[in-house]
Amino acid sequence: MKEEVEKELVEAIKSKFPDVIEEAEVLRSKRISVTVKVDKILEVARFIRDELGFDYPISAGAVDYIKEKQFQVIYYLLSSKKKVVLMLRVNIPRDRPIAPSLTPVWSAMDFHERETWEMFGITFKGHPNLTRLLLPEDWEGGYPLRKDFKLSSKEGS
Amino acid sequence: MSEEPSKRVMRISWGPQHPMSGQIRILVDTDGERVLNIIPDLGFTHRAIEKILENRNVVQGVVPVERMVMVDTANNALAYVRAVEELLGIEPPKRAQYIRVIICEVCRILSHLYGFGLGAESGGGYPAVFLWSTADREPFLDLMERITGTRWSYSFFVPGGVYRDFPDKIKDKFLKTLSYFEKRLETYRRAWFENKIFEARAKNVGVLKPEDAIRLGAAGPSLRSSGVSLDVRKNEPYEAYDEIDFKVVTLPEGDSYARLFARYLEMVESVKIIRQAIENMPSGPYRKSVSPFKRLPKGEAYARVEAARGELGVHIISDGGFKPYRVKITSPTLRNLYVLSQLPKISDILLADLPVIMYSFDPWYLDADR
Amino acid sequence: MYTLNEIIGSLTKFIGNLWQFIFQMCMSLAPVLFIPGLTFILLFVTVVIWFERKYLAHAMLRMGPVYAGRVFGWLQCIADFLKILTKEIIVPSDADKTLYYLAPILLPIVDGLAIAFIPVAPDWVIFRGFGYGLPLFLAIVSLGPLCPLIAGWAANNKYTVIGSLRAAYMCIAAEIPLLLSAAGIAILAGSFDLVDIVEAQSKMWFIIPGFLGALVFFIGILAEAERTPFDISVAEQEIVFGWRTEYSGILFMLTMMAEYISLLAWELLFITLFLGGYKGPVIFGSPFISNIAWVLIKLGILTAIIILLRTVFPRFRLDQAIKIGWRYLIPLAIANIYIAIIIKLFFPFVV
Amino acid sequence: MSENVSSSSKRTNFLGLIKRIYRSVIGWGWKYSLWPIHFVTGCCCPEFMQVAGPRYDMERFGMLPMAGARQADVMVIIGVLTRKMAKRVKMLWEQMPEPKFSVAIGACPIGKGPFYDSYSVVRADEIIPIDVYIPGCPPRPETMLQGFMLLQKKVQKKLMEGI
């Protein structure tokens, strides 16, 4: 009852892409989570931006599910009219971490995808400038936010 | 980073050691005094806070999160604490919510003083206003020291409430400080925002239209000064903000002057909010005890908070352990820096305007680097 | 045969003449060494830097230097001087070494030389310039802005190049109005000689008939001496230290001193042209001392005003400053010339 | 023989006296004219600003932040020092003219502070020699001022002895 807008949005996505959406749910008020298959993400993203009005890109990140052997890339989006946050998720296999870039849809995902690339090693196809953002230029320590990357000893070197 | 584009274009490396750069390096392509391209080079303060948070339990985690923005520690800590509370499914007591609102708004004042002070310094080297703003932070720092025990990094918000009670004795002192500060705000307006040279330097400089602001993802006062009314405090009221009467500051112009002036107006609103919160603060408990030695329930929580620089989100994903499985922090400055890097493409910028434009976004690079 | 007496007499005469010669030499050197000369310049620079730091600090609600010299930190500049003397001088490897050293040495010399034309008392001028003191002064001072250009190019740094180009733009925009408004005064006084110009102000200071010229000249001074709101070429917030960025140690100190020496030179010219120079009622007994005192008093007030401006004005942008120069100052200066001609033709009793 | 020795020792004494006077004068000048570089590495900067600000006022000691590395005497490492920044700190330290001194402000440059297990944070003394450590997260302004006074004493002593 309280989450009518959110339910409507979820229904709209589900009815438009019935076989592409792996999962779509209302987490709580003002939070929607949509999980999409990798190959159709650009179409879904365009639909979400143009039809549903999620025009304000917040951020992008990823989670390393090492037990399931997959990465989950999460795009955080906001609708400036309806004030609802949508988390657009896409699961990609850990041994072949390639995902299409969403910079053609939301150009502001530029920095966030660069960060995800250097932190997780996920290559974003179609990204205009996939270079280091935060790590030092001569960094050779692997991908820090992956779960198999261990932090140094507690003493501090 | 990349090679120099052509002979006619000069690439200037701006920072990290530059009187007006802060902890960032910006490569500026200039043709004479005209800026063609801005390429931010971030990461000079990348401390891997997201990775560190996977190694701390939820009570310890407040400390690194607070170090993201030292002038605005309370809002950062609040975002993290709220995410943890949502995960644990607890609601802090009413009194704690009011105390949180007070401290967050004081932090907003501290941060905006810094922001528009630096804006004054950058808008043509007017150090007097900058140093006045540091002077006017002192009474608030004293109050914070009285309430929390330290001047900047409070570690005062804990999951379940606040660490200590708000001493009712200092209410009068608080109100006195607020009325003093309102007088000072008037001084700032007369000395700075009505200064003709500053108007000449900052008006119509770096104009950001509302549709561009949304498309590029500007955050906080930088977004609202373009005429877009997006404020988490109103859209998604947290803590006691739904019981407090305040208005969201929006300005239609979208230039550097408006971005700095929006910060000024938000300080005026913050003073009102603090007044109301102090007057309406209920009595009662200030904390629900949460054991740090308790497993987090499996699940996720994404808490959003309107920090001084804009919407700050903390997304905690838990797999049922003592420590969060993954913490994602969506920081406002990173988005604002992207807007800055795209600004030469949508408006004309001169090299002399660059500091004003940069500091009109009030960047805090530690926030962007995490 | 000369008698002993004669010999002794001629010897005493000779010694007396020699003594007189030496005395005269000393007396003619005295202006060089003391009042508008070296001692005065150094003292001015030290006092003004100290005063400026203290004044700015108080405008920012601070104390400024306190501990160096116990009382008001009056030895602060001496401490800075001692420290900077013992600092290492670094020359960037790609710099043009000769020019790199030449520019900061040349700059204070040029501005110092110009001070030689300023009369501090009716017959107390180092060099009167054959009756062409004003054009010579302007000619020599105009060499000054060349030095930032040389320095900025020689240091081979992007910030210094930008700074020196800005300095060049500014000096073109500021110097033409300066020359024009000085020309108005020369017309009013009917002379190029600075002493004559001062003497012509016995009835009335030229700031009253040449008010527009004085305004233009004052703004021009701010631009020429790189003072706020026209300190664009050394804009710290934009281009680090402008053309001074690479200088260290004593070379940096020379560039800092040069800024204040050029300020002093322009202020002295302003006093001479508009504020009646050394003219003023005799207050300290001898007219000579009171002449010097009047120059110092006027200088002090003018300097205080210029420093005050630094606390209340931010900096203009380059294009805005140049616009002010071309769009407002030059027409005003030309109007001033016409006013001067009209006054000279129809109201000759004024001057 | 003995006369010669005494006269030469006298001469050296006299020279030594001049040298001592010279050095003590220079040392005094240095003590009150330490210009820190205008450079911020981390998150203690708001507190450093308060120290430069009206209530604590660093300039009382003659400390005037300088925009460029060439004019500065003191490298102040304010807050956390990361690997990427450390390179720049070293570069700037090499650009500063001799004699130069350094201060490390905050827990992070001293011992990594709250980021003890981070892969990207380094200690300051791995990069450049540090003269004065000022602990705290962030240090209180009084602590910073005391640190600067310690630095003044150290600088004066060093220059009196000759570098």
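In order of appearance the chains are A, B, C and D, and numbering begins at 1 in each one.
Methods note: a residue touches a chain if its C-beta (ideal position, glycine included) is under 8 Å from a C-beta of that chain, and two chains touch if they have at least 3 such contacts.
Given the structure is predicted, the values throughout are model-derived calculations rather than measurements.
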Neighbouring chains shared between chain A and chain D, ordered by label: B
Distance-maximising chain from chain A - centres being C-alpha averages: C
Cα-centroid distance, chain A relative to chain C, in whole angstrom: 64
Centre-to-centre distance between chain D and chain B (centres being mean Cα positions), rounded to whole Å: 32
Whole-Å separation of chain centres (CA-atom averages), chain C against chain D: 36
Separation of mean Cα positions, chain B and chain A [Å, integer]: 24
For chain A, residues contacting two or more additional chains: 135-136, 144, 151
Chain B: positions in contact with at least two other chains: 18-19, 43, 46, 48, 51-52, 55, 131-132, 135
Shared-contact residues (touching 2 or more other chains) in chain D: 53-54, 67, 82, 84, 117-120
Interchain contacts (touch definition) - all pairs: A-B, A-D, B-C, B-D, C-D
Residue ranges of chain C in contact with chain D within the complex: 53, 57, 60-68, 73, 75-76, 78-90, 236, 240-241, 244-249, 252
Residue ranges of chain B in contact with chain D within the complex: 16-19, 22-23, 43-49, 51-52, 55, 63-64, 67-71, 110, 114, 131-132, 134-135, 137-138, 141, 151-153, 366
Partner chain B, residues of chain D touching it in the complex: 37-47, 49-50, 52-55, 67, 69, 80, 82, 84-85, 88, 92, 114-115, 117-121, 137-138, 140
Complex interface listing, chain A residues touching chain B: 27-28, 30-31, 55-59, 61, 63-64, 74, 76, 78, 80, 83, 85, 87, 106-108, 110-112, 131-136, 144-145, 149, 151
In the complex with chain C, residue positions of chain D that touch it: 25-26, 28-33, 53-54, 57, 59-62, 64, 67-68, 70-71, 73, 95, 97-99
